[in-house]
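Some structures are shown below for you to check.
In the two complexes below, chain A is the common chain; its partner is chain B in one and chain C in the other.
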Partner chain A sequence: MRGILASELLKIRGKMVWFLVVLGPVGVILLQAVNFGLRYDYLTDQYADDLWGGLIGNVVTLALPTLLIGIAILASMAAGIEHQTNAWKQLLALPVSRSAVFAGKALLHVLLLFVSCTLMLIGTLALGFVLGFDAGAIPYGRLAELVYYPFLAALPLMVLQVWLSITMANQAVPLTVGIIGMIVGMFGSRFDDWVPYKWPHLINAAGEPLYSVACGIGLGVVLLLIGMLQFAGKDVK
Partner chain B sequence: MSKWIVETNQLTKKLGGKAVVSDVNLRIKEGDIYGFLGPNGAGKTTTIRMLLGLAKPTYGHVHIFGHELARKRIEILRKVGSLVEYPSFYGHLTAYDNLEAVRRLLDVPRSRIDQVLEVVRLTKEARRAVKGYSLGMKQRLGIATALLGQPQLLVLDEPTNGLDPAGILEIRELIKRMPQEHGVTILVSSHLLSEIDQMANRVGIITKGKMIFQDETQVLRQQARSRIQLAVSEPEEAWRMLLAHGYHVDWDRQQLTAELTDDKAVATMVAALVQHEFAVYRVQEESASLEQIFLNMTGGEGSL
Partner chain C sequence: MMRMFRSEWMKLRRTVIWALAVISPLLAGVTGFLSAGDYENGQEGVWQIALGIMGLLHAMLFLPLLTGVFAALLCRFEHTGGGWKQLLALPVSRSSVYAVKFIYIMLLLAITQLLFLAALLATGLLLGFAEPIPWRMLLVSALGGWLACLPLAALQLAVSVAWSSFAAPLAVNVIFTIPNILIINSAQYGPYYPWAQPLLAMVPRDEMGFGAFNLSPETLLGVILVSFVVFLLGGWGYFIRKAV
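Now for the complex of A and B:
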């Protein structure tokens, strides 16, 4: 598995993948910088008793759709590397287990998005400092929760996009699913609790964000196992 | 353990309801350069995919190094290098990084990369992105990738596809050297008999999914026996007369041909013709080319 991941990391070099991983959070933070810059007095007045909370809330509103579309684009790019020159046949004729190859692609994807989310967290802190918020009042716990909980709750969507992108040579389908997913996901909070696109919003009847996280991890693992099995049994073009 | 490095039994693959490969019993011995020959669409690539575990046989079994592929795929593939159809590569990476991406999965020392680059003479170009390579260079990179894991069995599907004559010669020499220098067994497919004839010691011919010939290349060559072609006046009557005198001759309404026998027999045959007052214009030896045999075997759907 280490070999597979090392190989995957080498393959995404020079493919703009890392650029996108950075672009997502930087874009969100810059937009919020503009937002807070232009409406500084109004917003600091509105969030006077919880400046950091206000900032985090605003970041998360933009971060969710960015995360959803990022999931689709990154999955498609990583799989596209193999589809482009039909490298699957070479990769899968090597002494590696098919399921491990699939798991490796999924793991790489999760890893890239984890980096993105972490950059989002760092960016939020940096923006807060720039805006002159009190460094002593940083709600570290809440910040981490609001960045990493949606990330974990979105695990099934990550596996889904990876699976679609790997299975289909034509990336139009997975990308369409991803874009629709992003739009649906923006209104996710209105759905029933069982809809996975709602989970990243961390909203549920019980009012316990951890339920959404647990569902995400659970379904993510199940989808991963199904994807691994399906990929292992399939003929390679 | 059986003596075969590769052995398939009743290997069959159905695609879209049609048997694309049907009952193929491949036999490859250690040290063989096995030429896998067949016209376009015969099922060579499909068979090779099954040998590498890329496609599952609909029916039948594959044994490599005496183990069943379905059970020991990873152990077997550790000792197999392959190039299927056209070379795969990551265009945005350099040749070196392409090999490195594979090397990380094979877990062989980094020095192997320089060695295989040397073998296919790509060392100088190794730091360039592969998307800028010529077809021949990509093909050579494909072979380098196949060699990376120091395989005992090399499976090359049309490795000279798209190469110029110099490139073909180079690859051919490379393939011929391999068994002697590294004790490698090679399966090489092609739709050109002349190519196989120049490197393989054993040949399997497949057409429409069926194996129609499998033996030493020598045996195939023996079939390329010569015949004697006779140009005479009234060939049809001459044919009747010669048959009546017990000569083995053929008349296809255009040409009168006799199976080649010794010089004396040819002489008496000509004498008989003259005696019966046929005018003999020409007596010439015609050797059936391997290509002709191949075309006959595959029912005309031969190479270009």
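Now for the complex of A and C:
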């Protein structure tokens, strides 16, 4: 598995993938920097009791749609390498199991988004310092929750996009599914609890964010296993 | 030129591209229908409210992003398997190849806008809106949204021609479209941001007017025109010199 992941990492070099992994969080933080910079007095007045909470809330409203569409774009870029060069046959002719190839793509994807989410956390801290918020009052726990919980709750969506991008040669379909997912996901808090697009919002009837996270991890693993089985029996061009 | 239209048509027939044109209007229609509680039937301006709800969903993110998908799809057939060399080796000018592809993007967007209009009308008729249909407002909205896509289509065609990856041009599109979520709230900067124009053009300004919405149509048209000319000339100038 380590060999497969290493080869996946090698393949995405020079393909703008890392650039996007960095640009996502940097873009969100820069937009919030402009937002807070232009309306500093208004916003700091509005969040006077809880400056960090206000900042985190603002970051999350932009971070969620960015995460959802980022999932689709990165999955399509990683799978697109084989589609564009018609390399699926070649890749699968190597002495590696097909399910391991699928798991490798999925693992790479999760890793990329983990890096992206971590950068979001660092960026939020940095922006808070720049804005002169009290460094002693940083709610580390809440910050980590609001970055990593949605990431974990979105695991099923990651596996779905990886699976779609790998199975379909025409990347318009997985990307459009991703766009729909982003728009549906933005209004996701209104759905019933069972809809996976609601989970990254961490809202549920029980009022316990960890339930959403647990559902995400559970369904993510199930979808990964189904995807591995399906890919093992699939014809490739 | 007519023949080039037909050859492009052959490439597009029976592809997913047609299904893509339906999705956003369908989604907007369902949302509009489910928001029945938001419009009291006897109330004045009920069509305007429906247009506001559905237009926000359709034009804030979907319409600009869809423009990018259409552009990338139109170039996909050439990017796979060395199609650019084959196409440009034929006795056709590069400018007309570029023009035909651009016109097709706008054609697909026109179909999307008509379907959106149909979805809006269906919502109103199904819910039995008491007011007469305000044709003028609805047509201006659909047409305005379509015109506002001109600069976006020009830029997306340029990057789609440049990169063989399908996701890369779309990433450019997303990078510029996501700031919409913030920018439409700003009366100062929103009107000058090309990616916010489809929304500003589609949502009726007197009812739902907030932030960037209260601006004269002349200013909006100016922003659309200037950015369109810049993106189109840039993309076209690049394509006619490009080594394929």
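Just so it is clear, the second predicted complex is superposed on the first by the 237 of 237 C-alpha atoms of A that agree within 3 Å, B and C clash if a C-alpha of one lies under 4 Å from a C-alpha of the other, contacts with A are read in each partner's own complex, and residues count from 1 in each chain.
Following the convention adopted for this analysis, a residue touches a chain if its C-beta (ideal position, glycine included) is under 8 Å from a C-beta of that chain, and two chains touch if they have at least 3 such contacts.
Bear in mind that the values here come from a model prediction, so they are computed numbers and not experimental data.
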Chain B versus chain C as contact partner of A:Q84, first or second or both or neither: both
Chain B versus chain C as contact partner of A:L131, first or second or both or neither: neither
Which of chain B and chain C A:L225 touches, first, second, both or neither: neither
Touching partner for A:K11 - first (chain B), second (chain C), both, neither: first
Partner chain(s) touched by A:P95 [first = chain B, second = chain C, both, neither]: first
Partner chain(s) touched by A:L111 [first = chain B, second = chain C, both, neither]: neither
Contacts of A:I73 with chain B and chain C, given as first, second, both or neither: second
Footprint overlap on chain A, where chain B in one structure and chain C in the other make contact: 15, 84
Residues of chain A defined as touching chain B within the complex: 3-4, 6-7, 10-11, 13-15, 81, 84-97, 233, 235-236
Chain C partner contacts - residues on chain A that touch it in the complex: 15-16, 20, 23, 27, 31, 35, 38, 61-62, 65-66, 69, 73-74, 76-77, 80, 84, 170-173, 175-176, 179-180, 182-184, 186-187
Partner chain A, residues of chain B touching it in the complex: 49, 52-56, 74-75, 77-78, 80, 82, 84-85, 87-93, 97, 100-102, 104-107, 142, 145, 149
Chain C residues touching chain A - in the complex, by the definition given at the top: 15-17, 20, 23, 27, 57, 61-62, 65-66, 69, 72-73, 76, 79-80, 164-168, 170-171, 174-175, 178-179, 181-182, 186
